[in-house]
Structure formats: C-alpha cells, structure tokens
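Can you read through this structure? Questions will come right after.
Letters A, B, C and D mark the chains in the order given here, with residues in each chain numbered from 1 onward.
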Amino acid sequence: MEDLRYREKLLCSRELHPEDSIIEVGEGIGCVRIGGRYTAGVPAVIAGPCSVESESQIIEIAEAVKAAGAAMLRGGAYKPRTSPYDFQGLEAEGLRMLLKAKAETGLPVVSEIVDAGNLDLFADVDVLQVGARNMQNYALLKALGRTDKPVLIKRGNAATYQEFLTAAEYVLSEGNPNVMLCERGIRTFETYTRNTLDISAIPVLKGIGHLPVLADPSHAGGRRELVSSLALAAAAAGADGLMIEVHNKPEEALSDGRQSVTPAEFAKLMSRLRRLKMDIEE
Amino acid sequence: MEDLRYREKLLCSRELHPEDSIIEVGEGIGCVRIGGRYTAGVPAVIAGPCSVESESQIIEIAEAVKAAGAAMLRGGAYKPRTSPYDFQGLEAEGLRMLLKAKAETGLPVVSEIVDAGNLDLFADVDVLQVGARNMQNYALLKALGRTDKPVLIKRGNAATYQEFLTAAEYVLSEGNPNVMLCERGIRTFETYTRNTLDISAIPVLKGIGHLPVLADPSHAGGRRELVSSLALAAAAAGADGLMIEVHNKPEEALSDGRQSVTPAEFAKLMSRLRRLKMDIEE
Amino acid sequence: MEDLRYREKLLCSRELHPEDSIIEVGEGIGCVRIGGRYTAGVPAVIAGPCSVESESQIIEIAEAVKAAGAAMLRGGAYKPRTSPYDFQGLEAEGLRMLLKAKAETGLPVVSEIVDAGNLDLFADVDVLQVGARNMQNYALLKALGRTDKPVLIKRGNAATYQEFLTAAEYVLSEGNPNVMLCERGIRTFETYTRNTLDISAIPVLKGIGHLPVLADPSHAGGRRELVSSLALAAAAAGADGLMIEVHNKPEEALSDGRQSVTPAEFAKLMSRLRRLKMDIEE
Amino acid sequence: MEDLRYREKLLCSRELHPEDSIIEVGEGIGCVRIGGRYTAGVPAVIAGPCSVESESQIIEIAEAVKAAGAAMLRGGAYKPRTSPYDFQGLEAEGLRMLLKAKAETGLPVVSEIVDAGNLDLFADVDVLQVGARNMQNYALLKALGRTDKPVLIKRGNAATYQEFLTAAEYVLSEGNPNVMLCERGIRTFETYTRNTLDISAIPVLKGIGHLPVLADPSHAGGRRELVSSLALAAAAAGADGLMIEVHNKPEEALSDGRQSVTPAEFAKLMSRLRRLKMDIEE
C-alpha cells in the first residue's frame, strides 16, 4: 500500500491472521460459507434487483435466481440516491417484502443499511451491506462492529486499497469478525463504463488480507452487455463471490435497469460460470 | 453538468434562486455574512487547527488568528480518520475547549459533525461542518436539514459538481437554506500534492448555483509551502471564503501538521490577501 | 462512447466491418493468426523481456518462452524512458540480437518503434509496437499506416476508448488494416499497482470494433505476483492475446524487473491458461 | 515528487540552477522576456486562435490582441486531432499566414510542431510548441533540444510533475536551455470542464524547477465563461504567462470555438489582469 505503516497491526491483515476467513451466512440448510476453500474457483453469487419494488417482483426474481443457482438474494429497501428527488426505496415495507421472499425461497438475504438507527429493522436480514457512499461513514461502521452480523462493505468509488481495508478495520476493531469486501468499480476518466472495475483489487486484497473479496460487475460496468464478461473475469481473478443485478423487467426498473440482466440472461451467466473450470491450486 | 436532468428543480440552482445566498454566522457584533457582495473579492477566512488538542492550544491559536483578521475559528473535536487507531479527536471535551475559545475571542466557531446523534453537543457551535467522507451520508445531511444552523459541506474527494450540489440539496430540501460549499481538492493521479485543488469548481458552482463557495487550500495541497499561492488563487477565482489550517506548533500537531501554517505565516498570508485588490465588477 | 459522432464512419467500427479482423503475423510454419475464432478462449501469448540486454539473454529467454508455448517473442531495443538519464535500450544492436533470437527459435518478434525514421531497421521485425506514450503521436501512426506490417498499439495511460480507437484509425485510414489494440492499464488514484488494468476495455473494444484486443498484465499491475491472476482474468474477459514480461534474472533486469516473471513462473502461467477452459460460444 | 531519485541531477531543478530562467522570445523591439522578475505578478499573455483559418482571420485577431496588450500571437497550423477525419490545420500554408500576421503586427508567434521533419518550415516561428499529446514523444523533444529556439511544452493530460519536468529535461539535456512549461489541465473524473486546471502545478513547478511556468485556462476549462476566472487565478498563483484562445467568430471556429473568447472579452480580461495588483515579494 502507498502507506504501509498500519499493516503490522491491522486485524484484517495476513500478518495477524494468515489463514483465509470463512464467513457463514444464514443458518441450517440454507447456510452459505464464503471464503477460503468454500469459494475457491467457484464464487458464491448474490443476485437480485437493485431495489425491492413489490412483493410479486421480489418473489418472482428470488425464485428465478434460486433456480439458476444463486446462493443469496439481494434487494435494496433503503436506497442512497444522488438526488433527494429520486426514488429512495420502500424502506421498512421493502424489507418486509424481502423477508417474505426469503421465507418463500430459503435464500439468505443481503440489503443495504444507511443508518445505525435502523438496525432493529434488519434483525432478520442475513448480510448488512454498507454502500460505497458510506464506506467512510465510521459512525455506521462502528455500530455494525458492535453486532455479530455479516457485513458486506463496498469499496468507495475513490478509495485506495488501504482506505478500504482500514474501513473494514473499523468493524473488526469493534469485535465483529464477519466482514466481506466488495470491489464495485472505481471512478476514473473513462465515462463509457459507469465505473472502472479494478480487477487487480481481487488478488491484491486477498494477498494483503484474509477477508473474502467479492466483485459487483453490474455497478462496475453499468451496462447489461458487459456483466457476463466482467463476472467471468472476476471469477478467474479469484473472487470469492459476485453480486449480480437481476430484474424481471429491466426496462421498467425504478433504478439501475440499464445494468440489470434478465432471469434468462442470469441463468446463462451461471452456466458459463460453472463451465469456467478454474484450477485453484497454483 | 454531465447530467442536467435535475437542474431545473434544484433548490440550489440559479433557476429557482437567481440572487446569491447570504449566510449569516453568529450573532450580534460577532456576526459574519458570507456570500454575494459581502465576500466579493474579500473572502471570509476560517482559521484554526485541524484538531483541538488542549484548551491553551485552541485559545492561543484563536487569539492569533483573530489578531490577523480571521472571521471564524475552526477546530476539530470529532475526527474521522482513515485508521481506527489514529487520534480520533477529543470529542465532547474538545467541543468544550473550542467553545471556551469562542467565549474568549468572540469568534464564531466551525467544527465537524459525524453523527446526527451528537447534535445536542453542537448547540453552541456556529457552523456544522460535514466532511468530505460524509458528503454522501444522506442520513446525516437530512438530519442537518431539519435544523436551522449554517452547514458547511466539503466536497467528496471524487464527487462531481452535480453530486456536490445534490448533496447540498439534501439539506435544502429538508428546509434549511443555510448551506455553504467548500472545494477541498479532488483525488487524481498526482500524488505530490495531497489532493488536486479544482480551482474551476469556484466559478462553476457559483455560476450554476447561488450558495457561497469556499476553498480549503490546506487540505487540497497538503503542504505548508503551497497554502499561500493556492489561497490567493482561490480568492482571485472568486471564493467567498477560505479555510486555513493554523497551528502554533505544526511539527507537534496530532494531525495534519504538514499542511498547517504558523500564526506568523498566517498573518503574512492575510496581508497578501488584503493586498490582492480584486476588481469585483466584471 | 462518450461521444459517438465518429462511430458511423470509423474503419475500426463494427458498422463498417461486422466480422472480426484476423491479423497474420510471420510467415510459413511460424505464422500466427490473431483474432476471431483463432484466439477465442485461447489468447496468443507474446512473451519476453522488457529490454533486449544481450544476445545470450534474449536467446535464452526466447527458447524458454517458446518451450512454454509462447506464440511470439517481445524485446525492446528503443526504450522511451521517463528520464533521459535512464537506460534507453541497445537500439540497432538490440534489434540485431532480437532478430538473432528469431532466427534461432522461429518465433515472430514484436518490438517498439518510436521514430518513423527507423522503419528500415525494423524491416525484419514482425510486429511494430507503438507504446502508450506515443499513442497520439499521429505523425508516427500515419507513417506506420503507409506500411503493411502488423501494428500493435498500446493504450495511452489516460486515453478513452474513443481516443484509443481513433488512434488506430490513423493507421487504418492510411491503408494498413493490420492493427491490434493492447490494454495495458490506465492511470488512476490507486498507486499500489503501477496502473489499473481496465478489464472492461476488452469486451467494450471488441464490441464496438473488430480489431483484436490484447492485454498486458505485466505493465498494468507492475508486480510479478499479480501477473498470473490478471492474465487469467483477461483471458476470461475475452482477450485475443497477452503480453507477458519474462526475464531470466528479474532482479538484474535493466528495466521493469519488478514486474517480470521467471521462465519457470511463465511456464506455470501457461499451463494455468491452458487449463482455463473458456466456453467460447455465449 | 513521488520519486525524487532524479532530482539531484536534473538540469531543470533548482539544485543545479537556483535562479529563475529568463527566456527571450523574438528580437529587437518586439523582444519579450519571460520568467523571473520580468513576469512576476504580470504574466506575459500569448493570445490567438486555436487554428489559423485564413490570412484575414489571423491578421484581424493579431491586431486585436496586440491592441489589448498581448505579448505574443498563437495560431495552430499543424493540428493533432483525436480523429483523422477532423480538420488537421492548414499546415505550411497556415504557417505562411501566421508569419504574415507577425510581419503586420510585430508580435512574436507561437505554433505547434508535431514532426521534427518540419523544423525548416518553422525557421521564422519564435516559439515551438509541443502539445500535450506529444509531451512524451522523446524523439521530437530531442530534435528540438538540438536547436536553440524557445520551446513551450504543454503538460500531458495525465503527466505527473516529475514526468513533465523530465520531458523538459529531454530538451535541456540536448543543449537547448530555452524551455517553458505550460499547465493546460489534467484529465480527472470531472467532465463538466474539459480538463481540470491543476493550479497547484504553478507553485510546485516553480518551486522545484527554474523554468518559466505558464497556464492555459482556455483548454483547461474548455468553456468561454470560465477563462477569465481561471486566468486571474493562475496569475495570482504566480504564472509567468497565459495562453488564451481568441477568435473573432467563435461560433464559426474550425476548432475549439466553445472555449474561445472574442476580442472584446479578451480586452476586458486584459484590463482585469492589469488591475489584479499582485504583491510579488512574499
């Protein structure tokens, strides 16, 4: 890292924790393990819509992604949007719908939390996602560090690897070891893609640290037609997981339709991922 | 802006509010007006240490910057730091010391708030600063929008002009019109400077919007020897205000000593600013 | 592209040339075909040292990379270096050594040309490489466009996709259709890696255009330990070729030793690439 | 600089040449001196159109900018354009027209050279400009280093300060000490402005090195309405010179009309610059 002075004492570093961390999500038969040998060469896939829009929408998508092999369901209820006048999510009602889909399919669910004051509402959400805009909202990270829930932190769009790892450290240092990192693209001069997927982040973060590293090809590229290539590349680079936006009617999506794939396209991507036979031992 | 679709309905835009906004800070004789003709060609200067470190430190610096002509005193009590192991500020005790310095000098005070839960502690702080890391912490911005206090928002280090203005909109749309913007440098490939001061942000934001625009040459350059040139440039570009880090013992500062000027250097900068005779009418 | 006004009339676009271009390098049994079905799922690998340093060095490396399955040999003789005081390459003598290695191994050779005045010296070099610094040296590109030799253009470190494609257009529009593009990393705020490999460039450039697209994981990451992961990712994203820096004594290399792999590491990478079974039909 | 290993031996550094370099442009009464006390607080202004379009156009503009106080005339004859299908300049005929305007007004002239093979055609051009795209075209820089003409190098749009200074070193190390540097904006994520004027480059480059540093607010901002604010800011930051695009009919300009000011706007800017009374001693 451009500045290595923290490395020796970071809980997220290999120095203090040489073996890969394994994060357990959900319980019973639905339990998913992420990290180390569990996801080497075969990333766990989190799929679903950017936003929960209705009970029928989230349940229909949940059943489709489960059938295609997704390990978890994603769905946003609290949406930090650039403009206060954009759709902000269905909030508590959206969480209720997401949990209904969890009950129907048995898939563990992932949803973004933007305010520690809402923690009670997330009691049955399996993974608490911290979005890129809040990656350095240390008050929120510390509050999540005082829970024992799995936390998925997305990289800020201009965060260095060191800043990303020290953000995770805010959760770890409060006592919660269940942290996953997600590369979702950084901001560069190139505007054809929504962001620039920093594929190097995967081997770098897994080399310096022991936390599972996921990638989000949907937000990174911002274009449906790129999702498959970027997902395969992330898997080949060693990603422990992938977040894929899937919508049953992308053209009608209330957010991020441009980068959402259909259930049919998602099923094809899953089969390509399975056919990507990665040789995991060096 | 790369995307003008919001412009027409933004409260921060000239379309809805053609004249410059004037923000009043403090009351009585200590009252400072920022914006429009009040600061045209003669920016209001906010000076002080990055962090409040002791009562004697903040009072000594406050008296020095007041004597040199500063309009407001800055001092951090809650410090969002990249590492959880770095000095995090004196918190409530630091605010108490800052308010003591306010009482001693009569200077209105500016301090960063990182958690809406602390609002009560900031009751006597004149300007609530939102740091670059929290520029898109919309939960915090909305909470500040429900107060009537002046809010100073620093630009996120990778925020576009549109994202910066829509962040301000989160405060305005909740009913608080007292918002100031501060350009503090953006993240680029150049690492010699801590950040790259985007001097164009000053005329652009004042052209599109009506809110006062300040600049922070200390954080932007990250080097003591650049502060004076960057401050003069910002004034020439039309900045309504400047934030300057001043420390009585920079080499011993608990944070940002590298970019802090001494009281003597600050006095020289103030005299150069006064000698910079800007011709304000086009 | 952020600006599509050129698209319709660009010779490099799918609009004018729907099928993939196939570039033939070398002749007779050593002939290599790059593009389309020839390299779908199995990228052609160009391997060798950053700089030709001696006849024994280049021949030893050439034999090693050939044995491991490389399709072409790379070796720099004219080196554009940031400082005029750095090693500038062995120039004409370096080309002679490179051609000796070609004669010994039968591998087609790739070398960078920095001045059209040197074209005669490159008569027996199979692929003329234009480096990132010269991507917009249009005088050079036009001169290469008046030859019929394969030209490999590396992306400028801050070039947009459109600028990269229009640089290729300078060669194509002069009459030379034998152009290959190489993504070699862009310059971003992240300094842990030498550059940021823009993996999206591969599917984007192959989608908009018909020219073969290669990737250079060595220059992109700038670190030996990242080369393998980035090469596998580029292959999974659909790269038609890879440029890999290989040195028999990386620690003694006159340039770029930090990012060069040994012949043994290269052989292992080649076997991993072969084991990466990409399913090429969607 | 991120890498200081060259500093000690760079001819452009203050270590080897503590005093400011003074560059003499033109001869006799038209002679202009740039650097040190000659331009401290009062930058020399180079004005004119992006491209020479006709004899009447360049002469009309030359007379207007001379009347307003410009020190030199700029006019492009060889235009490196992103697309080979864009207007490429009038070439030799454009240079003839530019020299006609020089004869009519006595203003020294500045024009871009893209190929060392054209040096004879530039015999009567006073300043040879190297554009941003060719900042690392070392073959061209070395050729200019073997002349004794003033060379104006524009910063590459992603060049670090060190890369910019070492590009100048390619000219200096060949024996030509007459080099000027020009900050023209760097490429960042912000797209509202054409580039991001890196105002810090002025004090940094003048601090590390001894060569005159100019700024080009026209290319940096890419918008007519920003030219005045950015020019004033550059002057306040200590620029030794300014390059301003002026066109008599901006809306009809064959290139860069969007960022060109009219002669009337230019005259107003010149009067604001004169009224900007910089106090040059610290």
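By definition in this document, a residue touches a chain if its C-beta (ideal position, glycine included) is under 8 Å from a C-beta of that chain, and two chains touch if they have at least 3 such contacts.
If you're wondering where the values come from, they're calculated on a predicted model, not measured in any experiment.
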In terms of CA centroid distance, which chain is the most far removed from chain B? C
Between chain A and chain B, what's the gap in Å when you average each chain's C-alpha atoms? 34
Whole-Å distance, chain B centre to chain C centre, using C-alpha means? 48
How big is the gap, in whole Å, between where the Cα atoms of chain B centre and where those of chain D centre? 34
Give me the residue numbers in chain B that touch at least two other chains, ranges are fine. 2, 158, 162, 187-189, 191
Are the chains arranged, by touching, as a line, ring, star, complete graph, or other? complete
Chain A residues touching chain C in their complex are 1-2, 158, 160-162, 186, 188-193, 196-200, 202-204, 207, 220-221, 225-226, 228-230, 232-238, 268, 272, 275-279, 282
Touching residues (chain side chain A, partner chain D) in the complex: 158, 187-189, 191
Any idea which chain B residues touch chain A in the complex? 2, 6, 9, 80, 82-85, 114-115, 117, 133-134, 136-140, 156-158, 162-163, 166, 169-170, 173, 187, 191
